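Next up is a structure, given as structure tokens.
Naming follows writing order (A, B and C), and every chain is counted from residue 1.
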Amino acid sequence: MNISAEELNTVEKKDLFTSGHRACGGCGQALAARLVADASGENTIACVATGCLEVFSSPYPDPSWRIPFLHSLFENAAAVASGVEAAYKALNKGPVNIIAQGGDGSTADIGFQCISGMFERGHNVLYVCYDNEAYMNTGVQRSSFTPYGARTTTTPMGNKTRKKNMPLLAADHGIPYVATATVDDFRDLQRKVKTALSIEGPKYIHILAPCPLGWGHHGELTVKICRLAKDTGLYPVFEMTDGKVSNVQKIPVKVPVEEYLKLQGRFKHLFKKGVPAPEVAEIQKIANENIERFNL
Amino acid sequence: MLKQIEGSYGVAEVVAMCRPNVISAYPITPQTHIVEDLAMLVGQGKLDAEFVNVESEFAAASVVLGASAAGARAYSATTSQGLLLMCEVIYCIAGMRLPIVLTIANRAISAPLSIWNDQQDSMALRDAGWIQLHAEDNQEAADLHIQAFKIAEETHLPVMVCMDGFILTHAYEPVDIPEPKEVDVFLPSFTPKHIVDPRAPKGIGLYADPRFYLETRYILHRALEKSEDTIKKVSSEFSKAFGRDSGGFIKTYKLKDADLAIVSMGSVVGTIKDLIDQLEEEGKKVGLLQICSYRPFPRQAIYEALKDKMNIVVLEKSVSLGRGGILASDVRWSFPRAEKKDRNISSFIAGLGGRNIPMEDLRYMVEKVEKEPVELEFLGLKKELISDKDL
Amino acid sequence: MEKLPLGLVYDLTKVVPYKTGSWRTLMPVNIMQTPPCTHSCPAGNDIRGFLRALAEKQSYEDAWHILSRTNPLPSTCGRVCPHPCEAGCNRRDFDSPLAINSSERAVGDYGLENNLEHKKLVSGRKEKIAVVGSGPAGLSCAFHLAKRGFKVKIYEANSEPGGMMRYGIPPYRLPNYILKQEIENILRLGIDLECNVKVGVNIPLDQLSHEYDAIFLGPGAQKGVSINVPGKDAEGVYTGVDFLKQVNSGKWMETGKEVVVIGGGNTAMDCARVAKRLGANVSVVYRRTRVEMPAITDEIDEAMEERIMFRYHTNPVKLVVDEGKVVGILSVQMELKEPDASGRARPVPISGSEAFIPADTVIMATGQAVDYDGLDIQKVNNQWMYTNENLMTSMDGIFAGGDAVAGLETVSLAIGQGTRAASAIEDYIEGNRESTLAQPPVVFSKDLNTYYYEKQRRFEKEAMSIHSRLKNFREIYPSLDSQEIIEESKRCFSCGLCFHCGNCHMYCPDSAVKISQSTGGFEFDYDFCKGCGLCSKECPCHYIQMTMEK
């Protein structure tokens, strides 16, 4: 599909995901879901995995979606979307934007099988992952996206493993387009969604969606925390087209990780009496590695 | 047209004539020939469908769920481990009222691993809200698929067509394969009730809080009960269209004057009929009640058929471990309390893991229950392999 | 309750959304606040307003109307005001403050070039007000009263109106034709002006009291005060005010080669730079240092650029006179000790450090006083006029403002006082108790979210070369590029007032910030707002604040 530069850069606000959902105040995922739905437009089918998004947006009888959505299980959003895409092909219907959406677990853990299969088979589906770095819906348990050092209910002493690099894993499946984005830069996010939807084949967009409850910060800081995640180097923002990294968002002024960590309750245990624990140095190392690897 | 054809291939040919739009299946013995044949038909252009080579049964079920929700006629096949893997999705499909047809090539469940036939797998999912139909032979297996699509699309309930793995799937029998035109007349194209479509946006898969969930379950239960009418209707329509009896709720064989009634389902019914004929020559009056629709459970029909039979034996290829015979339990429940008192309902478990059920074992079973009721017995149990110490 | 649909499949066009607004404990509200520029402006100008008109609508006309609501002399102020607004501008903490002064001038000049007219708000009131003095205080008071429909007559002692603007500020800072046009525009509201009438001398104040319902006194502080040193009455010695008045009246002053100006205020700077243009070598003698000089920084800088010498720590002891004419100054060096009553370091002479400075002309710009000739009125410290907090003097119905009341201040302060006095006069006439406008709180830079801005260069006005400047009395900043001013106005942060950036609208996770049908701005949908505070945090101008839920 060809898409003009003007269309690509227009900010969309259609409220195809609208008020009345039960997300916490300041929820990054709710914001992201609306931005994605609006960027995609009315001709969209959303296949949503179980998780915070599904639970707060699709209760009977007042769901907050205004585009058709299909929710099945926690781990099969990608497979269900594959089925919808196959049906549209078989019935000669469409074109239509099919967006499979899921959180940490649905993408990288329990849902990894389905997403890997969907990528490998080459379905024309966009998969959007809302990364809030834990299993938030079930009460903030650790996932493979939980960053090093973060406290969750199942890693009360701090997580000991590094974040799984899902964007690179997705790219290694040979899919044509991968991107990472955050909710603070809504122009960039919507542009990436539109770019993805203009490409045939499986696409993957990874969105950092801060969770005030799980990360331990005020709802009003959601946008600021995204910025700090980018500016410390902990969350690189880039695109990958046909496996090659492009459009890396460079950091104007690098910020030490403490500034990002100190705002969040889930890292509070690393700053007992104001003294940073050795994990903080390790986290800074991770940030530095990202900066070097992606040339931020 | 009559063909000497392997059971799987028969099913594949017939399913192809039902014009599914999306087929998605993951290979698992003994269902493999069905999916291979369908893949060939799609590949050769003889079947216009999307064949999705998924990475697991779970994905297969999810793909057909998505396809059906998008308005396609969807089909898959599995068995045993695969069926259990897609268990979550099976429940989901029923709750969403999507008219999907699934072939179950009944097979035993691991551990220990066994690729041979029993009916534990479809039993494990009897509560999921699907219609379950059991085929007696390859002809019925093929015919039931045509009926299944029609039943599913009229009742908005998914249908499992169960056929014994290897015994039916890999056996060559003469099967009358209908003409595609005949199938088209019998089975009109799919008009879905609710789909995801941007032109009329709907939400499928909303969650129900405690205010509503109970009612959804009640509705599904009632829908299953009501589907009895459709099952019977479609079976009789099939008879008229194709000129043979097939499917339906229950079937009986020489039951009317029988002193002993045997209740069973699946391919073993064939052997039982042979035994009944032999016993008849020997002067014994034994009859068969064959269950075709296991879900919805034909409680009333069983009661009507067996109400004056005081000696009943249930033979089944599954067991509820720690409790006993599943079908037997269902049959016992079919009689009101008052009418159970003098009635013997014996329970025999047979054929697990592909164990052969020879005529001798069946004779033994008949002779035993003629003397006394049997609470629970594993038919053909090799006691010499069992040590009571190592349990 | 409706019956459950098949498979619980729901028609999304029929949803009645759940009202999540009931969850709130905090709620966002729009609060317009005072930007620090307005807060710092002695005239209370709506600076944000006129800059936004330039930035958003590129409309000089709209900007002029907004600005002239409070300031009828924008071209003048845009040339002579020391712009405390820029010192207050929040952008100074981000990159550099807005060039408000230049913007004001550009807007004022546009008004003059396009003959924009002031509008009356009310007409036909019968009361008559007399205004004494047509300096900025008097003009401003007359302006506001005339707009409110009163009959106003201004009595001016000099032959032309303008006060110190006309006779004190030299033309290279404020060209006469600019001032004249602005004053004429004010008078066009129907204000009477009579010149060459000194109230107290030509007309007694009592007479005015009988004829008019109220009086405003704005005589300024136009009497030069010299320091008491021997020789101060010699030929060639002038007070600063007198010197400037003569030059500004068009008289050529023969200054000789060496001119010494004594003093450190704006008058001293003006005298020095005028003398320079008259062809002399000029030095300024001041007993403290630059830091303590009360003159506007820009003035001192420009004087230095014009190669005027500054002799700090220097005080005249006596003026050396030969045959009745001054030939020089005997001066002594000072050292600075602990602060005196004015708060500035106290200078003390160093004995034995006397020196002779040759001078053909000595200008003593060492102070100004109010000319109380014929005015019997209560004073403070026997210096400035006494007024209460409503700018009314000790005499009932007689109000005052400007330098005469506030001491040697600025044009903008005088304008501000004229405005306040006009309100006070209206209240007085109507018999109201003082009506005070509640001022919304001020927004400071710590309250802003400047993440969305990039550092940008500030507009800098271009001066004539020093060589060209000294040849004549033409304006040293000849013209301002109107497009550049518009670009500069876009740097305005609009502190405390929404400028439709749309952040709140886009960032609300609950889509609870909607475009208002009536105003075109943004309003909150309190049915769904959960009070998370993202809108408030991401509002760059602090217009949205969170308060407790009622």
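Note that in this section contacts are C-beta pairs under 8 Å (C-beta built on N, C-alpha and C of every residue); 3 or more make two chains touch, one makes a residue touch a chain.
The shown structure was predicted, so the numbers you read here are calculated from the model rather than taken from an experiment.
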{"item": "Nearest-to-centre chain - CA centroid comparison", "value": "A"}
{"item": "Best-connected chain pair, where connection means C-beta pairs in contact", "value": "A-B"}
{"item": "Inter-chain centre distance, chain A versus chain C - centres from mean C-alpha coordinates, in Å", "value": "53"}
{"item": "Computed distance of Cα centres, chain C from chain B, in Å", "value": "93"}
{"item": "Cα-centroid distance, chain A relative to chain B, in whole angstrom", "value": "43"}
{"item": "In chain B, residues with contacts to at least two other chains", "value": "96, 200-206, 208, 212"}
{"item": "Chain C: positions in contact with at least two other chains", "value": "4, 8, 10, 12"}
{"item": "Multi-partner residues of chain A (each touching 2 or more other chains)", "value": "59-61, 63, 65-68"}
{"item": "Chain A-facing residues of chain C, complex", "value": "2, 4, 8, 10, 12, 15-20, 23, 451, 502, 505-512, 525, 527-528, 530-534, 536-538, 546"}
{"item": "Interface residues, chain A side, partner chain B - complex", "value": "42-45, 47-48, 54-55, 58-61, 63, 65-73, 75-76, 79-91, 93, 96, 113-114, 116-117, 120-121"}
{"item": "Contacting residues of chain C [partner chain B, same complex]", "value": "4, 6-13"}
{"item": "Touch list for chain B against partner chain A, complex", "value": "21-22, 24, 48-50, 52-56, 58-59, 62-72, 74, 88-89, 92, 96, 196-198, 200-209, 212"}
{"item": "Chain C-facing residues of chain A, complex", "value": "11, 13, 15, 17-28, 30-31, 34, 59-68, 186, 212, 218-224, 227"}
